[in-house]
């Protein structure tokens, strides 16, 4: 399988650590010198750029949060004069305080290259026709992929989002081979095809590159079976750069993170303490090549693990496990952190498919309780209803083992949990 | 026995003055002199000759010695102080050898036979022939010299001198007239050595060139290094130690110089700042180049 | 091949290099550029053992060089063309070249190498008997490079080969470096003349006041305003200009 | 008369030059004046005399033995008295050298006693007349041997790998190290060679004056030192010129001005020259 | 009004032309930066201005007075003070004594006066001490007066050297790479100190490699290359000047 940048992607771990140290030191020096925010933050903990002697020293520095970025609106986080910035993007954030991202010419070149790495890892080559249904605009989403495709020499169709019927038409007529979209939009497209009577089998689609929202293996299976293609995950973090940060290879063993540009750490979202390799926690990234807006220990809010075991594809880059939710969604029950995404995983493991579920946390007297509601759908649980009591006990035990808290499990009617709307809370906390 | 101790004490006192004067050059102005005994000898001869030929009383003879040696110091210092360490060392060494040969060859100095019968000082009718009195005289001069040099090195000028020793160029840009200071200190040191020579001549009452050769120059340098360059107390201790040590080693006379030489090398390696010296001789701040 | 980790070095109490990390891979031409006083030469002096580092490590093909004397380091295959050429001015050109191979055990082969170098640079043969000090600056630079080559280094380090040379001479010296590169020689090049160095190099590091501020492909760095800023100090203040 | 004095001067001068070469080479590589060079000279003479005294060896072996002993002493001296002081203020090794000189002199005094020893072999030297000038073949032999040794040294320095390495160390120590030259080893080698030459000079003078005594090194040492400075310390041709010049000046001065001041001429010339050219005749221009 | 005028200053070392007809002026009350690539002749220029080297040709005048071949100590008397690239403190002295040495030329004492100090001399010495303490406070070394100068940290030694130069009550202070070897924090403190000195009316000429400092502090910048002035003007102009960029980065081809 092709590798876009074999120099970097096949780098030995020791050499990678060396490269990271080099770039980390340079980045710390640059932000200390040029960004008041960082100088203040470093000074508060008594850190000078020259104090960074090894990668471990990074742990002495404070985190950067989205609030910090929002508070620096618009240009306070910029480490280069504005005249050297050639592109400005902005994330939605809250409308009151959006986050502004700047890119120098070199940042843009890196972006394209990194996106090309992700595309190549997914199997895109210059013969492909890539349809980008992400939004072109203030958001970063479409651009990185767009330039990555061009850099690869494949064809890009910048169709943008919306007008789903036309998307399908384009897909069919222009013989799109690769779809780039969000997972949910992929399903919308599938629905649309059904509605239009287009059989995905007759399309040329072979691959979907999906990101933009947390999704699950179950969704992957659904997308793959409905669209007749391979669906691969990648990781786009607009504050760090945009799409291209990490992406799955055909092995589907997690997303290879471009460590020569982003230095990852996994922390406990509550205490901020560094977690050992393999643990689930919040991903923290330090950009080590960005010029315009470097980020030091940026809390992504995304929950995942770092997988260091070698990948059969040959890439030595560390992999991010599937994003399992947002750290701000973490709930504490009886003093224990519970990641709602983890519940979904366990349920999927038990039932073969992830059901629709919801966590309800409440308080009885002085004691917290956790209730997990699970929708009973056709095909799911129905056959097991006969042994319901036994099954529920088993499920409860599995959940208790997995999350560390004994939950009450309650099966509810189909459609009773409304998760179609994006705002639908996965967690209902009745304690507040 | 007491007479012997007195003799040692007086000689020790004279060496203290000699060592202090050399220490001014080496320890305070940072110059090297390997011919300091020449000034010591000139002082001795001038003092002896003025009292023998012109019948000068001791104070006047001593003053003549001081002035004459001072003038010699000035004359040698003016042209040579711009030379760097090694070259200055060889020039002063040559000066010492030449002066030694002059003593040896002039008629007026009595050549190798030297000058006998130098009168003991007498002062306001008191003759200092008695060793006790001479010791008092010597001690007075020593104290005077010490007081003078102490004042000097701890004064405004002393600060300038130490600045020159530490970093001549820097001292210059601080507005310190370094050539003037160097010549002045060299002259003063020569004059003091002359005073020591005068004391020696009138004490021993017989002088010949042997006492003022290279050996004495090196002995004086050893005193300074042993005690610690740039330390007045060190010069005193060094002078006394090297006066007394040979006497202690008298039984091992043959080994005396052996011990000297070994001591000097050993000291530099294990305690380069001398016995009482402050800081390192290496004049740290080794520059970037 | 060569790896520096958080190397700190300086003179006496003066810390010039404040912890730099960099690496050179076999066959690469890497340049370390930066304004004067940035610590470039200090870095090379520390690598070559002339200046024992305060902290950090230097590794060459798996050997820790940090505490080795320069003569050992040379025999491991790391040669340095020092800043300002430093040819032995009163020795003949040929003697200078011979000394370059001093540590080699295969003196017979060294003599053949000498002949080969003289073949390649006829100038060095014509002037073989002349004192090296009588050569022009550029010629001395060529001699210094060839002298270092006589050691048959696995990595050749050059400290400001263009310093003090007229532009025409700079081109000539870089022509030679280009040839060395084409032959596959691994080079670590320290330069103030960033444009010349980045044209030759594969990768570059930008040094500013003892710290590396940027690294990347040479072609990228050539365009990067940060490079200019490292030299000419355009600061953050300009953001609001 | 004049030519005779000239020849006498040249002979003494050639010996000074041999010692001066030791001074100059050591100064060149270390920037250090080895004050104990005169004692090395003395050591060479003593060892040769003692070897011959045993009656076991012939003259040439004794000569070589004397040179070897002197060379060895030089190397040991450098290890003990100078190497630990490297990097210190220039005054420090200078005084250390003086200490070593005192030590060696008194050691010799202790071992051999203060009295002169005559040279164990009597050479039957003829006097030949060249162009009306009576030349002692002893003088001729000394002059010839000294010049021969100098020529050997020049050849060594010019044409051998180690000779060039020594020059390289003297010119630029750091760059020499970058060539893989072990400077410490070269310093030892320099002391070895310089001391061997001084030892040879000592033996020649012991034969010439038929006297060997512990303080014999003092004056020739100082004069050779002046010769080295005169010629410009660190320069090999300078040391040779300086030595010859000094020998001739001394000889002529003693003959035509005053024999009593014979030893002063060397230093007087030196002082005068230094006042005009602070770095010696062939040394770099002072600035 | 220009305080220092450097006129056609030329210095050859043997055949090497270290400086060739360098002309520039330093205005009263301003901070002027002297920059240029390695070997451009900056330190040589300083040495010529402070009189440590005689010029081959050309001259330097301070407040209209031609300094000709005045030795350094007489130039110091006329109000010229400097620091060195490699800090040159008097290592054997305490911090306070170092500053007092700087007071040397403003505290005239005859030989006799030094040996037998009268009331006047004692008062002068007391005044100098008072002043030295003030200066130590100014540079942030208050309370360190009795430390041996060697015991200070590197950055403190830099500041001590500046205090010592200030003790000379100069009209013009030449600083040779004052920020060399300082860490980021110390460099900022230094910038603040230099700004404060300017505020007190002192004129400064500095050689510096830290361009952030030069560009942030100087009103005028003079650029030397190969011993010649290739540009002079305000910082913003200097860094856009193609000649300067070429001197630093090499020729664009």
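Labels A, B, C, D and E are assigned to the chains in the order they are written; within every chain, residues are numbered from 1.
We adopt the following convention: a residue touches a chain if its C-beta (ideal position, glycine included) is under 8 Å from a C-beta of that chain, and two chains touch if they have at least 3 such contacts.
Remember, predicted model here, so these are calculated numbers, not experimental data.
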Distance in touch steps, counted as few as possible, from chain B out to chain D: 1
Least hop count linking chain B to chain E through chains in contact: 1
Most widely separated chain from chain A, with each centre as the mean of CA atoms: B
By count of C-beta pairs in contact, the leading pair of chains: B-D
Identity of the most central chain, Cα criterion: C
Averaged-CA centre spacing for the pair chain E and chain A, given as whole angstrom: 57
Chain B and chain C: spacing of chain centres that average the CA atoms, whole Å: 54
Chain A and chain C: spacing of chain centres that average the CA atoms, whole Å: 44
Euclidean distance of C-alpha centroids - chain A vs chain B, Å: 86
Where chain E touches two or more other chains at once, by residue number: 86-87, 183, 212
Contacts with two or more other chains, residues of chain C listed in rising order: 11, 14, 18, 234-235
Residue numbers on chain B that touch chain D, as the complex places them: 26, 32, 79-80, 82-87, 89-91, 93-95, 97-98, 101-102, 104-105, 214, 218, 221-222, 225, 254-258, 260-265, 268-269, 272, 281-283, 286
Partner chain A, residues of chain E touching it in the complex: 183-185, 212
Footprint of chain C on chain E - complex, ascending: 37-39, 86-87, 153-154, 157, 177, 179-181, 183, 187, 208-216, 226, 238-239, 244-245, 248-253
Residue numbers on chain E that touch chain B, as the complex places them: 50-52, 71-73, 75-77, 80-82, 84-93, 97, 100-102, 104-105, 107, 109, 111, 114-117, 121, 125, 148, 150, 164, 168
Touch list for chain B against partner chain E, complex: 148, 151-152, 155-157, 159-160, 162-163, 165-167, 169-179, 230, 278-279, 283-285, 287-288
